[in-house]
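Okay, so chain A shows up in both of these, paired with chain B first and chain C after.
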Partner chain A sequence: MALYFGDLLPYSSLLLEGLWTALYITLVAMLAGSALGVLVYLGKVGPGKPLSILCTCYIEAIRNTPLLVQLYLIYFALPALGINLEPVWAAVIGLTLNNAAYTAEIYRAGFESVPHGLREAGKALGMKPGQIVRYIILLPATRNVFPALTNQLILLFLASSIGSIISLPELTNAIMSVSNTTYRTIEVLAVGGLLYLGVSALMSLASKRAETTLFRWAVGTHV
Partner chain B sequence: MFRPFEWQDLIPLAQGAWLTIQLCAVSGILGVIFGLILGIARTSPSRIARWISTIYISCVRGIPVLVIIFFVFFGIPLLFPGLEPDKFASAVIALTCFAAAYVAEIVRGSIEAVAKGQSEAADALGLNYWRKLTYVILPQAVKIMVPPGIGFLIGLVKDSSLVTVTGLLELTHAGNIVTNLTGDPIKTFLVVAGMYFVICYGISRLGRLYEKRTGVHVDPLKLPEPAGI
Partner chain C sequence: MIFVENLNKKFGPNHVLKGIDCHIREREVVCVIGPSGSGKSTFLRCMNGLETISSGSIVINKHRLDDSKTNINLVRQEAGMVFQHFNLFPHLKVIDNVMLAPLKVAKTSKEEARAKAEMLLTKVGLAEKMDTFPGNLSGGQMQRVAIARALAMDPKIMLFDEPTSALDPEIVGEVLAVMKDLANEGMTMVVVTHEMGFAREVADRVIFMDQGRIVEEGTPEEIFSSPQHGRTQGFLSKVL
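Here is the complex of A and B:
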C-alpha cells in the first residue's frame, strides 16, 4: 500500500478548523472548570457538613465515571427532560464539570502539601494574617499546583477528542470525515495525530518555561 | 414504539460491564508487561534504548486514546492486508499501546524515586547493571509503583469506554443499545455510570487498603498524572 498525502491538501483548512475548535473548547473548559474547581474545593474543606459531603460526592462521581458517559448524559439524557443542547455546549459543559472535579483534587493536594509548621513560623515572625495567607499559603501552594494544572490542561485537550462522538466538529471529527471522503485513512490519522502531538508538546514546553520564569524565586527550595 | 426500562435491561448492561472488565484486565496486564520493559529502557544506561522508549512514550502520551483506537481499528487491516483482528483484539491492541506508555512513565518515576544511595551502594558492592536493577532497585520501586498504578487502572477502565466507537459490545455500547430499545437514556446511562462507578471505586478502595497495609503513600503531585478523564 502506497502512502499519498496529496489528497489531503484540499482538506487542510477543515483539519485546522477542527484543531481550532478543539483548542477553544479546551481553553473555555479549563478556565471555567478550574474556577468551579476552587468553589468545589472550598465547599469540600469548608465548615458546612452537608455542603462538604455534597462536594465529595460530586468529585468521586465525576472521577470514577468515564467522560464519554458524562457527555452522553448531557447530550442524550437532558433532551428527554426538555433541555436541548448544541454539541458545542454539551461538550463545553461536560468538560467543565469534569475538569472542576479534577482541579478540586489538585488544589487539595497542593494546599495539603504546605506544612502546618510554616504558618506557625509566620505567626512567630509577626506576620499579619493576610500576609500569612498570601506568602505562606497561596504562593507555595500555587507553585506546587502549577505543574499538575498544566498537565490537566494537556489531558483536557486530548480528552476534547471525545467530543467527536457526540458529533462536535473538532479535530478527531474532521479526521474521520476526511478519511471517509478521501479513503486516505492512514495518512489523515497520521497528520491528525501529529497535530495533536505538536500542540500538546507545545503546551508542555510552554508550561515548563512558565514554571521557571514564574517561580524563579523558588529555585532550589522545596516546600 | 419504545418499551419502558425494565429490570431485564440490566442483563445486557451487566454483560457489557463484564466485557469491560475482561478488556481492562487483558490490556492492563499486557500494558504492565510492556510498560515495565519501556520504563526500564527509559532509565537504562543505553542511549539508544532511552531514545526509542522516550520517543514512543511522548508520542503516545501526546495523542488522544480515541485517535489511537481509530488508528489500530482502521489502520492495521490497511497496513497489514490479510490481518484482520476482531473487535476485541483491536481494542486490546489499542488499549495496550496506550497503557504501556503511561505505565512506563510510572515505572520511570518509581525507579527515580528510589533513594540514590541505594544505587550507589549497589555500585560500590560491584553489582552489574542487571543485578542492581533486579536485586536492589526494582524490589523497592515496585512498592512505589502500586498507588499510581491503581490510579492508572481506573483511568484505563474509564478510557475503555471509548472502544464503543469500534462497535465492541462493552458497557457504554451496551448502554447505547439499551437506549435505542427503551428510549430512556436517563435511566440507562445513570445505570451505566453507576456500574462504572462500582468498578472504579472498588479499584480505588483496594488501592487505599494497600496504602494502609504497607504504609506506602505517594504524593500525587510528585508522580506523573494518571491518564484518563
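Here is the complex of A and C:
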C-alpha cells in the first residue's frame, strides 16, 4: 500500500482551521462548563430542596445519556420549539452542558477534600456562606482536583469531534471532507489523529506547568 | 459580657453539655480545663455559634445566641476564635490571611486593612513573614498568624480552643507569650487549654469541667492549690 501525504498539502489550512474550531469550542465549553459545574454542585448541596433536586436530576440526566444524543436534541429537536441554533452554538451549548455535569461531580470531590476547619475559620470571622466558598474553599478545592479537570479538558477536546455530525466544521469534519475530496482516507485520518494527539499532549503539558505557577502556595502543604 | 444560662447541647443521643451556668465579665481571662470529652471545646464553640444550642441561653454583648433573629455573623465579628489546628487559608499569603475578613466582612479600605494587618503581624512578631504562604511557617508561627487574623476584626472577646495542643513543646511558649500580652492589654479571653502553667499565671478564673458540667471554678490559687471537689483533685493530680 502506498501512502501519498503530499496530496493533503493543499488542504492543510482546512485541517488547521478545523483544529482551531475544535480548540476554541473546547476552551469555551471548559471555562463556561466548569463555572456552571461549580454552581450546579453548590445548588445540589445548598439549602434549597427544589434546586437541589433539580441539580441532581440535571447531573444524572447528562451523565447517563450519550453526548451524541444530547447534541442531536439540541440541534434537531430545539428547532421544533422554534429555537434555531447555528452548529457552532449548538456545539458550544451541548459541550458546556455536558461538561458542567461532569465538573459538578469533580468539584464535589474537590470541595469535600478541603479540610472542614477552613470553613469554620471563615464562619468564625463572620463571613457569609457565599464568601466562604468564593474566598476560602474554591481555590484549594480547584487545586485538589486540577489533574481531574485537565483530564476532563482532554476528554472534552476529543468529544468535540462529535460536532462533525451536526456539520460543525471542526477537525473531524475537516478530515471527512478532505477524505471525500482526495480519497486519501488513511493519510488524512493519520494526520488528523496526530493533530488530536499533539494538542492533547500539549494540554497535558500546559496543565502541569499551570499547576506549579497557579498553585505556588501549595508547595509543602497538604490540603 | 458573656452570660450563659442552663446551656444544654446534645449530639443525637449524646448529651454533651448538661446545664452550664457561667458569667464572664469584661477584661476577664477565664481558662477552662478538664479531661478530654468533658465538653469544654463544645462549650467554647457554642459561644460563637459554631455549635447550635439545644436548650438554655447564651448572651454575648447583648446578642442572644439562642434567638433565631440574631445575626450570628455580627456576634462572630465580636468574638474572635483561635483553633487548635490554626486553620489558616493555605492559598493566601500571611498578610492576606489577616486582611481577608476586614476587607470582605468589615468592608474596610485596602490601605486601612493592610496597615492594620502589618501592625498586628508586627505585634505577634511575624512582620518579616508577611509575604510568606502559611505552608512555609512553623506551627507556632501559624498559630500567631491565626491570632493576628482573629484580632484584625477588633473582637471584644477572644475564644481559644486548645491553641497550643497541636504544637511541639518547645514552641508552645511563643504562642502563650502572645496570649499573655493580649491578656495584659485587657482583652476578654476564654481559653480552653491543657497548659496548667498558663492558667495558673494568666487566668483570673479557672473553670474545671467534667462530663458536661462545671464541677468547680475559682481563682487559679483556689483551683490549683486547694481544689474542693474530688474529681478536680483527681484530674489535677494526673496533669500537674
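Heads up, the rule we're going with is that the second predicted complex is superposed on the first by the 194 of 223 C-alpha atoms of A that agree within 3 Å, B and C clash if a C-alpha of one lies under 4 Å from a C-alpha of the other, contacts with A are read in each partner's own complex, and residues count from 1 in each chain.
We adopt the following convention: a contact is a pair of C-beta atoms (placed from the backbone, for glycine too) under 8 Å apart; a residue touches a chain by one contact, two chains touch by 3 or more.
Please read all numbers here as calculations on a predicted model, not as lab measurements.
Touch criterion not met for A:Leu85: it reaches neither chain B nor chain C. Touched residues of chain A were counted for both chain B and chain C, and B has more of them. When both complexes are overlaid on chain A, the residue A:Val191 reaches neither chain B nor chain C.
In the overlay built on the shared chain, the residue A:Leu139 is in contact with chain C alone; chain B does not reach it.
In the superposed model, A:Pro115 lies in contact with chain C only, and not with chain B. Of the two partner chains, chain B is the only one touched by A:Ser179; chain C is not.
When the shared chain is aligned, chain C comes close enough to touch A:Arg216, but chain B does not. By the document's definition of touching, of the two partners only chain C reaches A:Ala124; chain B does not. Residues common to the contacts of chain A with chain B and with chain C across the two structures: none. Residues 1, 60-61, 63-70, 72-73, 76-77, 80-81, 98, 102, 105-106, 109-110, 113, 144-145, 147-148, 151-152, 154-156, 158-162, 164-165, 172, 175-176, 179, 185-186, 189, 192-193, 196-197, 200-201 of chain A are the ones touching chain B in the complex.
Taken together, the chain C residues at the contact with chain A in this complex read 48-50, 73-74, 76-77, 80-81, 83, 85, 87-93, 100-101, 104-105, 133-136, 146, 149-150, 153. Only residues 58-59, 61-67, 70-71, 74-75, 78-79, 81, 154, 157-159, 161-162, 164-165, 172, 175, 179, 184-186, 189-190, 192-193, 196-197, 200-201, 204, 219-221, 225, 227, 229 of chain B touch chain A when the two sit together in their complex.
Contacts from chain A toward chain C in the complex involve residues 115, 117-118, 120-121, 123-128, 131, 135-136, 139-140, 143, 215-221, 223.
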